[in-house]
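The next part holds the structures, each set out as structure tokens.
Each of the next two complexes has chain A plus one other chain: chain B in the first, chain C in the second.
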Partner chain A sequence: MIGKAVVVRLGRAAAAAGPFALALVIGAVILAVTGYQPFSVYRLMIVEAFGGEGRIAATLTEATPLLLTGLAAAIAFRAGIFNVGAEGCFYLGGIVAAVVGYRFPGWPSALLIPFALVAASIVGGAWLIFPGLLRARLGVDEVVTTLMLNFIAIDLTSWLVDGPLLARGSANSATPEIAAAAELPRLALGATLSLGFLISLFLVIAYGFWSRFTVAGFRSRLVGLNPRFSRAVGVDLPEVFIGVMIASGVIGGLAGGIHTLGLVHRFVAGFSPGYGFTGIAIALLARNSAVGVAIASILFGALASAGANIQLFSNVPIEIVEILKGAVMVFAVAQFRFGWMRRRSAS
Partner chain B sequence: MIDLFIHAALLMTTPILLAAVGGFVNRMGGLINIGLDSMMLAGALVAVRVSSATGSALLGTLAAAAIGALVGLAMSLVVTRLRANEIIVGLGFTVAVAGLARFILKSAYGVWAIYGSSWNLPEILR
Partner chain C sequence: MVGEAVEAARLEPRPRLADAPLFRTRGLVGADAMAFDRLGPIDLDVFASQIVGVAGVGGNGQDELVACAAGLAVPNAGTIAFDGHDLTGRPVSRFREAGVGYVSANRGEEGLCLAASIHDNFVARREHDPSFSRLGLLRRQAIDAAARSALTRLSVRFAALGDPAASLSGGNQQRLAVARELEREPKLLVAAQPTRGVDIAGTAFIHGLIAAFRDRGGAVLLVSESLDEILALSDRIVGLYKGRIVGRIGRAEASVETIGRMMLGQSSS
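Presenting the complex of A and B:
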């Protein structure tokens, strides 16, 4: 029995690592064709991501927003809701936290930081009520609504920082810097890693417990696996749909808030380099599991922090990271089940 | 005044209309194609490359159509043969091809912003 469980577990790990490995192969082919040495590039990336304390801190800093956007995607995907709106929530949460952070400079940290983060979460959650309602009541495809709401959120925030919220005397589209009291404390001197990482990690762990040990967690998984059966046994589908949509938005907004208070310390146009979309790839790769989200976030964080450095030191364009990210997304949803595998899973 | 406006509107309509026709073909087949952007980017890059190499706008346009078809084939193979979710595959292609296009610009041409010097399609309205 134990042997079988181990085999199943190993199989799952291999299934999760497979897409990443395939993406690395594609990346290697592209690197080789364009005249780079794939293996030396990959080795340099590993060294730049994990070689030494400072670099590990940089990797974890990059992983912080991804932990939460990955979680935002996972919590919705698990209930069968393809919410791709975390990117928009991230922008809104970021700008709300920035405004709170600079408008109340006299407040102490213990009040200001929670206030800013709660405000960011509420706005993120409120943003996705509408697509949640449309999905639950009218059956409107949530992929299209949440995808389009991203563009509205991104352009709305970029208009705000170009006009009403533009910092006085600032040439680029940015809000004023937040008060020092609103900045999340750093975890180590000299590194950019902030308390935000621990908050994010804690939430991912909490999600793991919620999904495994609570009735609501079980119910949302049931809805994801088989909505018709769930309805037949008395689960209120609209309630679950709207609930996970709001939860997903809250986490997305919080991610943006933490990014503002922990790292950027203001809101700028182009606030997120696609953290919401990377979160989708992470949730898919993790098969919505908490441990998987944590591992995949650190992996993508490593790619991001290494990407910037290899562009500096080896002239390899940073876009290799985007190629790997996109390829992971494609392979993560592909089902590689050929003849012999199908027979085994059927037996 | 109004003719300038109409000219600009037609100009802006062209790419959206073509993309919409592309998406419409997929909808008729019962698929949602979120990855149209990747096909447009691949087409744009190849059109610039081929038209500047051959000096022919027509060849450039044909090559762009061909590479768009190729990206579409790759996408459809993943969706139909590997039974992947078409939405996520479309998003993945958008991310990957956008990255690939910028990667090629940087590594092959050493250009870090815009790659120009294409042969233009003849203008039809002035």
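Presenting the complex of A and C:
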């Protein structure tokens, strides 16, 4: 029995690692065809992502928003809700935290930071109540509504920073800088790594605990696995749907707030390079597990932090990183499963 | 399935114990997924300590009757009363709390969650029960102990409680589904095709469970396309034909022929 459990675990790990391995193969072919040495490029990327304290700190900085957007997606996917709205929540949370951060410069950090992050979370959660209600009460497809709400959130925030919230004297579409008291403390490890990383990591761990050991975690997984069964045994599906949608929005908003307070220190148009969407790939790769979200976020963070540097040092175009990311996402969605796993679940 | 005695003997008929029915429908009309009225209007009573068998060829309104009785569908017209309370249009959770148990005819998609583990299937929707969780935290050991003892009692063969329910054989899956519902100690069990696709030993075992539930004072609404099952278990039999009740007979009058006639829409009385 123990042997079987180990085999199952190994199988899951292989299934999760598969998309990465295949993406690396495809990337290697492209590099070779375009006249680069794939292995030396990959080695350089590993060195740039993990070689030394400063580089590890940069990788973890890149991983910070992904931990939370991956978590936001995972918590919804686990309950069978394909919420793709974390990107919009990220923008809204980011702008709310920025406004709180510069409007209350006299406040001490101990009040200002929690206030800004809670406000960002509340706005993120509130943003997804509407698609949650539509899904729960009227059966409206949440993929469509949350996707569309992303555009509304992105355009709404860029209008705000072009008009009412534009920093005085600034030509860029950006809010004023937040007060120094609102900045998340930096960790000693590196220049940019902030307390936000630890908060994010803590939340991913808390999610792992929640999904395994709590009544709500149990119930939402059951709904994700088989909504019809769940309804027949008396689980209130609308309650679960709306609940995970709000939780997902709260985490997405918090991610944006942490990004503002920890790294950018203001809100600018084009605040997120698609963190919300990368989070979807992370949740899919991770099969919604907490450990998987943590590992996949760090790997995507490594790709992002290495990407900028390899162009500087090896002449390899930065697009190779985008190709790798895209390939991982495609294969992640393809959901690798081995023959014996498929047989089990089909019977 | 070896080593278990196969008992196919008919149950003795029991007298009605209660004066008022536990489950009562009046003018019940049920529609299918296409909003087409397939059932009713029907008036049906089920008393405590009684098994009412609904005989009929598939597609004559059984699915709609089961869905309404289990609270999964809202009737188009008419009322459903349970234990003196009107439950018409109430959510499934209200039916469950009132004491309705449900064995689905669709084991793979509704009766069980095949992808979830055996103990998770066992405890589903009772996880908030104080014996299985405290302050929102699951008591895994208590869940495992309860699942293990119930499944052992019901001679369900399994390798590990953490294995997916899909790893069980069909008969053992159905035992698990029935066990889960009976462990909740409902007042009424809505049993739809409870032994479809189950081996002989498993069928006898599940029949024994249902009969024992009846003997403890439980009411059963048994919907089956199997004449043998209807004959073996029912205290009263109603025939369902084109959504209407075409006959009501007691066990004494029941035979393959009388039930067969009801299933074909011929009134028996």
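By our rule, the second predicted complex is superposed on the first by the 332 of 347 C-alpha atoms of A that agree within 3 Å, B and C clash if a C-alpha of one lies under 4 Å from a C-alpha of the other, contacts with A are read in each partner's own complex, and residues count from 1 in each chain.
By our rule, a residue touches a chain if its C-beta (ideal position, glycine included) is under 8 Å from a C-beta of that chain, and two chains touch if they have at least 3 such contacts.
In this text the structure is predicted, and so the values were computed from the model without any measurement.
A simple residue count on chain A separates chain B from chain C, and the partner touching more is B. Of the two partner chains placed by the overlay, only chain B lies in contact with A:Thr34; chain C stays clear of it. Shared-chain residue A:Ala332: touches chain B; no touch with chain C. Shared-chain residue A:Pro317: touches chain B; no touch with chain C. By the touch criterion defined above, A:Ile280 lies against chain B but remains apart from chain C after alignment on the C-alpha atoms of chain A. Look at A:Ala171: by the touch rule set out above, it reaches neither chain B nor chain C.
In the superposed pair of complexes, A:Ala110 makes contact with neither chain B nor chain C. Within the superposed three-chain model, A:Leu138 lies out of touch with both chain B and chain C [touch as defined at top].
On chain A, the patch touched by chain B and the patch touched by chain C do not overlap at any residue.
Note for the complex: chain A touches chain B at residues 30, 34-36, 82, 84, 143, 147, 274, 277, 280-281, 284, 316-317, 319-323, 325-330, 332-336. Contacts from chain C toward chain A in the complex involve residues 70, 72, 91-93, 95-97, 102, 104, 109-116, 120, 124-125, 127-128, 133, 136-138, 140, 159-160, 162, 164, 166-167.
Every residue of chain A that touches chain C in the complex is listed here, in rising order: 1, 5, 213-216, 218-219, 221-222, 225-226, 228-236, 344-345, 347. Across the interface of their complex, chain A is touched by residues 32, 34, 78, 82-85, 87-89, 91-100, 102-104, 106-108 of chain B.
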